[in-house]
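Below is one structure. I have some questions about it.
As written, the chain order gives the labels A, B and C, with residue 1 at the start of each chain.
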Amino acid sequence: MNEIKKTYKNYVGGKYIRSESGKTFRIELKNDFYEVPLTSRKDIRDAVVAAKKGFTDWQKLTPYNKTQILYRLSEMLEGNFDTYQQILQDSGLTKAKAKEDIKNSLDSLIWYAGMADKWEQMTGNLNPVAGDFFNISHQESLGVVFTLNSSEHSLNNLLLNMLPALTTGCSVISFNEENSVLALKLAEDINNSDLPPGALNIMSGKFELIIDDVSNHVEITAMALYKKVTTEEKTLIRENASKSLKRVYITPPTIGLEALLPFIETKTVWHPKGR
Amino acid sequence: MNKWDYAESIESSSIVNIQKKYGIFIDGKFQSSNSKKSLKTISPSTEEVLSTISLGNKNDINDAVQSAKEGLKIWSKLSGTQRAKYLFKLARLIQERSREFAVLESLDGGKPIKESRDFDLPQVAANFFYFAGWADKLNLSWNTNGMKPYGVVGQIIPWNFPLLMLSWKVAPALATGNVVILKPAESTPLTALLFAELCEEVGLPPGVFNLVTGDGTTGAALVQHPEISKIAFTGSTGVGKYIQKETADRDIGLTLELGGKAANIVFNDAAIDQAVEGVVNGIFFNQGHVCCAGSRLVLQEDIHDQFVSKLEKRMQSLRVGNPLDKNTDIGAINSKEQLDKISELVNNGVDEGGSIFQTECELPQNGFWFKPTLFTNAQPSYRIAREEIFGPVLTTLTFRTPEEAIEISNNTEYGLSAGIWTEKGSKILWTADRLQAGVIWANTFNKFDPASPFGGYKESGFGREGGRHGLLSYLKVQS
Amino acid sequence: MSLTKESKNQLTWSNTVELIDNLRVDEVGLKERVASLSTRSIKKESKLQALNYIISMCDLTTLEGEDTEGKIGQMTAKAINPDPSNNEVPSVAAVCVYPSLVGKAKEMTKNSNVKVASVSSYFPSGQASIESKLLDTQFAIDQGADEIDIVINRKAFFEGDYRKMFDEIVALKQLCKSVHLKTILEVGELRTYENIKKASLISLAAGSDFIKTSTGKISNGSSREACYLMAKAVWDYKEATDFKAGIKVAGGIRDSKDAIRYLVIVNEELGSEWLNPDYFRFGASSLVDDVLKQIKKLKTNAYQSSYYFPRG
């Protein structure tokens, strides 16, 4: 146990905050225990406000800029290799597995960094319509995305649950349960990476407490459930989502172009060609 | 009436550290060339000698090729992610030493520091960042069956954007798994030599990047070497044709990015003031030493006088002078040779009957300089309207109908770029469909991005650099 | 274009319509040109020259509900002698106040070259009848104003009634006679470059001596892009009519660096003929202090603090 006890807080709108409810829940790791925020419904509502601003600011940046920011995040992570390794080992991984996981997470981050200014070239295209028209389909980001992250003690998986939506230009509310210590530690490096406040928000809690509010919230345009949920939960979410046509993705892929496709909206523009 | 003159604001050159002599870069380190001969590289704005560089010969080229073959053995075993990491590191180092590179580029080549600092260097870094991000996802670039890198690639680059052309060549080649022998232009080797130092610093495996300086004979030796799998060349159409002929008996990859005589079409419904800016930028950026320069103003006759009057006024505010002065807009002509070419063509233009306008400016005593020049009353048959001048000289031709604008613009063996100025969207698209040019700028000009493919039609070359399509220059289909 | 003029610098409405036929502006291209002009590096003697120009071109301004004669007294003293410790610093061009304080301002500046400008025409909104606006303006003139800064009728503009907007300015100019008229466009409300160009040309055609960017009363004040666009309009108007109008930029120009960038635009787009108070003004309050600090820094090589300069 350390002499100075570390407190992990939620990371929302570029700031570290406790739950407005004042409540926490305990996570036990090998060397220590941590009381992390038990995110409430009001916290979610505040996070959406922050994520909306974050979306506007993240959108404004050029794809090149986004690449640089995500690459910078990898610089931050690599600098804190030892800290992550310790957390993973305290979570039960062997030293070798912990190191491998962090190396994989850096490779994933590099892959996504270089994807930020490429994916549009893979998904957009000119459409060969009949007639004197220029017709192009291009993709835009959905908006604010809520992700339920897998509880596996893996930095790689954690990043792979945040990066697909983020890379397409969406802002993300990343919700974590048993792996919250790792996630809230990652928040510190996110903060150092030049990502605009609110673009990526990291929170901890119990999903069952907020499942209604999240699936009902009209301004959350999509939910990506990377963690397995029960059939009852799935049904509830989809029913609530239907009220505003929220997009719901159950265990979507985490790597490859297919990982990004859920988070984009296609826009097709026509224009005549004539003198 | 007072005049407000801008005092000199000189970017200090103390940031650069030019060595007296340079060798060649092979096997991951600098070494002496086999050739006993050397060349001097000078600053075209003062004619002072900056350094002595090696004049690489056939043996140097052969050493470079052998080094590249060894490098390929290592490079081809690395994963895409590993290649990406080297390129990202190079991108970062370039960013960090941007100012140094920019000053060096302006000293060696003559372009204004404003351009090397604000355009060349940011683009160089962006190219390395962009292509680094392709290295680990080439499988997503094209839905083709198993494309592979060529292997050992020879690259020859020109003197107008030395470091930028290096980045356009080296970044995609390495990202796609090739190894490189680069031959920079005779008059502008210094930024390439500094780049080689960065390769050493990031620990790029030996042989992956090789640099042999020299002149036309060095380039010829590279083109002729039997173990090169691909040549990428940017330069004059004349030399491009020579290379195509020279490699006729071999099955190697070839991409050529050659000259141009681009038409900048201004319709009467253009946003006139912005069109003037675009036309000025199109021909005077980088002293007109640009393959895609808008060197023909194809102007709708009914706005001719109004447009030319605004153009001449705007040209007069261009500042010609010391490339290291932050307020300089037009730097030095790259060499005596080039200056002579420009002068000859301009004199010929006057002889053939064109009306000439040149801005009033004081030119420095030493160095190679040419005043911004505009020809009106020129005909499509004049040499100034047909031949690439590669200098700050704009030739005006008029048209009356959109069809005529197309005809005049396409009436050339070149086909690199074109500009279209009109506020009418459908006219932009109609015109773009009919222009025989690889890059078309509508209501803008000289815009470049690593994500945007660049290259020409007809005798402006073949193959594209940049973007998803640019990868095809460095990947070949398995037969 | 051969234009019929009603007076020295006013066109007929039909000629005005011809003038505003070509409003085409490309936003991206314009912004690039302005950004490029902003890279000019103004140092040493050319910087000192610019700083002195700026002071001499300032309209030191106070337009607050809480203005009193006491406040005017302080400001006019500063206007006449901005830096008592350095008599090389010139006076400003003018002070700019509400009509009710014109009398006091005139009294305090009578032994100097500093002019008194007054806002009027229901500044800043312009939402009133033309009769009210004429009365407002007449009062300011009677109090002794040398210059009048009016606002265009944005209600009429956005309703598409350009004729009404034009006629109002004509009427106000008639009232002013030899009193110098500046017409405020409020570019922050006009927003698009086409709108700014249209409003500029209509204002010039109606007889304005100066066109001015902003009232300084809304959050979107002046911008260098607006100044560039207005410079283009002034140039085109000059080419068409031989009349040289002036430009005033106001609202949000807080420091010397920014002000110098405006001077660069005027210098390179219009020419040095415009670099004097007869053709270019800055509407400012805190700008003057920053310029004084910069002037002192050039002389002493030390960064300054504002407590060295008198409050205005």
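As a convention for this text, a residue touches a chain if its C-beta (ideal position, glycine included) is under 8 Å from a C-beta of that chain, and two chains touch if they have at least 3 such contacts.
Keep in mind that what you see is a predicted model, and the values were worked out from it rather than measured.
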Graph class of chain-chain contacts, one of line, ring, star, complete, other: line
Geometric centre: closest chain by C-alpha means: B
From chain A, the most remote chain by mean C-alpha position: C
Euclidean distance of C-alpha centroids - chain A vs chain C, Å: 50
Centre-of-Cα separation between chain B and chain A, whole angstrom: 41
Distance from the mean Cα position of chain C to that of chain B, given in whole angstrom: 44
Residues of chain B whose C-beta touches two or more other chains: none
Contact footprint of chain B on chain A as seen in their complex: 63-64, 67-68, 71, 107, 110-111, 113-118, 121-122, 134, 256-257, 271-275
Of chain B, residues touching chain A in the complex: 81, 84-85, 88, 126, 129-130, 132-137, 140-141, 402, 425-427, 429-430, 433, 451, 467-468
Residue numbers on chain B that touch chain C, as the complex places them: 1-9, 114, 118, 269-274, 277-278, 317, 326-327, 423, 443-444
Complex contact set, residues of chain C against chain B: 22, 24-26, 28-30, 32-33, 39-47, 49-50, 53, 232, 263, 267-268, 272-273, 275-276
